[in-house]
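All remarks here apply to the structure that follows.
The chains carry the letters A, B and C, assigned in the order they are written, with residues numbered from 1 in each.
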Amino acid sequence: MLAADLFPFVTRVRDRAPLVHCLTNLVVTNFTANVLLAIGAAPAMVVAREEVGEFAAVANALSVNLGTLDVPQSRAIRAAVEAANAAGTPWVLDPVAVGPLAFRTEFAFDLLDAKPAVIRGNASEIISLSGGAASGRGVDSTAATDAALDAAQVLALKTQAVVAVTGETDYVTDGRRVIALSNGSPLMTRVTGVGCALSATVAAFVGAVSDRDEFWAATVAAIAYSTIAGELAARDAALPGSFAVAYLDRLASLDEAAFGKTLVRRDIVSG
Amino acid sequence: MLAADLFPFVTRVRDRAPLVHCLTNLVVTNFTANVLLAIGAAPAMVVAREEVGEFAAVANALSVNLGTLDVPQSRAIRAAVEAANAAGTPWVLDPVAVGPLAFRTEFAFDLLDAKPAVIRGNASEIISLSGGAASGRGVDSTAATDAALDAAQVLALKTQAVVAVTGETDYVTDGRRVIALSNGSPLMTRVTGVGCALSATVAAFVGAVSDRDEFWAATVAAIAYSTIAGELAARDAALPGSFAVAYLDRLASLDEAAFGKTLVRRDIVSG
Amino acid sequence: MLAADLFPFVTRVRDRAPLVHCLTNLVVTNFTANVLLAIGAAPAMVVAREEVGEFAAVANALSVNLGTLDVPQSRAIRAAVEAANAAGTPWVLDPVAVGPLAFRTEFAFDLLDAKPAVIRGNASEIISLSGGAASGRGVDSTAATDAALDAAQVLALKTQAVVAVTGETDYVTDGRRVIALSNGSPLMTRVTGVGCALSATVAAFVGAVSDRDEFWAATVAAIAYSTIAGELAARDAALPGSFAVAYLDRLASLDEAAFGKTLVRRDIVSG
């Protein structure tokens, strides 16, 4: 896939301004909304069990993040996912810290039956979800991304979802095709919520396409776009406070020329 | 109304540092608190039903925002509003996304009986609250602001509240007097929470005056001050990440000369 | 204590990247996480009663903040504190707005029995917790820091905790030793969450040392580091929006030379 294959997905987000319903964690709500606005999408954080179903009929995509899961939120997520599926709205699962914590891990496994369109996590999380044993201490990925590639393919085949493992190298697979991307900056790990917002960005990209067959490419485009914006922002700002500002600015302004010039596909594993 | 009529309200906020109790949505708590601090007010986000009543006796104003309403918060809001009314504390209603979502819409209509001092929303929200049928997809206002002016006047007369409809043009009416303001920048819609924080700013301005008769002018001043700060911030920064930073800086530093020079009353409809 | 005694605690945080479990208020979650990342610690905001105990076994420190306490969070805090004590994980109490509000005040007094390693608050809060009568209107400290010094020593002796009173001058005492620090900037009070994030920073510093005897010095180091970063950030930025960005940048980059050159111990009261 070349930049010319991927950038049209960016344009589609900007043109269609997909409404992305986020059920996410308390730490990143604000940053996630600002990332979605920066890329041209429309964020909506409707949280009550009384409303989430109704909202799924209007939204173009749903983004579910388990970072600060509790019982009331788990009920709202179930209701939202059911309504999304009923309405044909694609939804993205971000299984934050799944593996070491029993409550969310069990819940995440249940959610796999509800057919997410995309699952995006770090290596530990994807290995755990695929049924493997990952070591991890919360949100940090201690397993190398590479080691998660097998797990991602297993998980994709099992769930029919596109699976993205992000880290130093990012892999995106639908079980058959795999692509490896290698943009980004270590500063992206020094600002809270960059990964969580990436999942919402994937939801925006998936929500802007009409055809399930395009979900894999849309996910690749979302990750390429975000990591390139991060890489360019790291040229603007070397420290995390100003980097976060520059990252939003780059997400709002990155054009096709800069995108194409910066894109690194380090390795095409297959497809 | 001239800048010379409006700026004294800004000075009063800075001098009195009104304590603004916010029951707002999960996305904008941080930004709202920072906006209030920037204008010289004192934010306080007490949320528990056990505490909100007690707090209303101390606060100078209460700001209620329905963006991420759920059942526990609806109970806390009711308790806070009752206590505010008992203590004579003015309160502001921001009816986020009222119209398309039944749970919050019904709740918002109930709240109208509890006599808000000010209601601030976009065109869709104000039309819905006035009893009209608005189209909308969540937080975006799809009806033009102009179309909401009639609705605002109906709502103001019905509730005895000052009603502000914000958008490209902002209208503020008490049912009798109407003023139209035309400052701001499209970048204000690219940062999440600018509108929600504007409602809290209105609460600060209303909380800094002693007399109910001044609520209309105080609301006009709050909106003029915020939109002028946004317009000037857009001269400092053209992209949303740095715009959000510049907006807070301008809110903290805008003086009477720059305020007067920038103020645009595009159209005085009446009054 | 000289800079040479304090800076090694900074280095230890950077080397060990302590995992800090935060149960904090809704306003400051994002900023707190970014502050922890900036100083080199690893934030984790696990909030559900179902998970907090499990997490305490993994975390290096726990930070408890009562800013937006409600009943569900009070249960999660109890479970987290018990598990932290069982696992030998030190925990820090930030008694936001304790005094004027009965629900949180009663809860805070209960928590004192659960042996916090450090208590950090403003003058009003510390006076209230020590059993005195403080005046206050929420989160602002209206009592002068100096007046709280006696209260801090009483509280430290009663609870065996290190007690830090922050304000224009900061005092840190274990009941026996007292140190006064005088760095910082008024801008630190114009950005929401700076004080709350300071408590989480204290947790990170305490979580990076092995020995309870070092908690007092680690707390002094945390406060010195944060206030010096704030003082230097105020040289970079004079207004609150850009100050918040500069503060994170300084927290991420402050080195021993700048730390030593800026440190002001205005007054060593004892020790």
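In this text, a contact is a pair of C-beta atoms (placed from the backbone, for glycine too) under 8 Å apart; a residue touches a chain by one contact, two chains touch by 3 or more.
What you are looking at is a predicted structure, and each value in this text was computed from that prediction instead of being measured.
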Cα-superposition angle relating the copies chain B and chain A, to nearest 5°: 120
Same-residue or different-residue interface between chain A and chain C, half as cut-off: different
Whole-Å gap separating chain A and chain C, where each centre is the average of the chain's CA atoms: 33
Per-residue overlap in chain C, given as positions that touch at least 2 other chains: 26, 29-30, 244-245
Chain B contact footprint on chain A (complex, rising order): 19, 26, 29-30, 33-34, 37-38, 42-51, 54-55, 58, 72, 244-249, 252-253
Residues of chain C defined as touching chain B within the complex: 25-31, 67-71, 97, 100-104, 137-140, 189-193, 239-242, 244-245
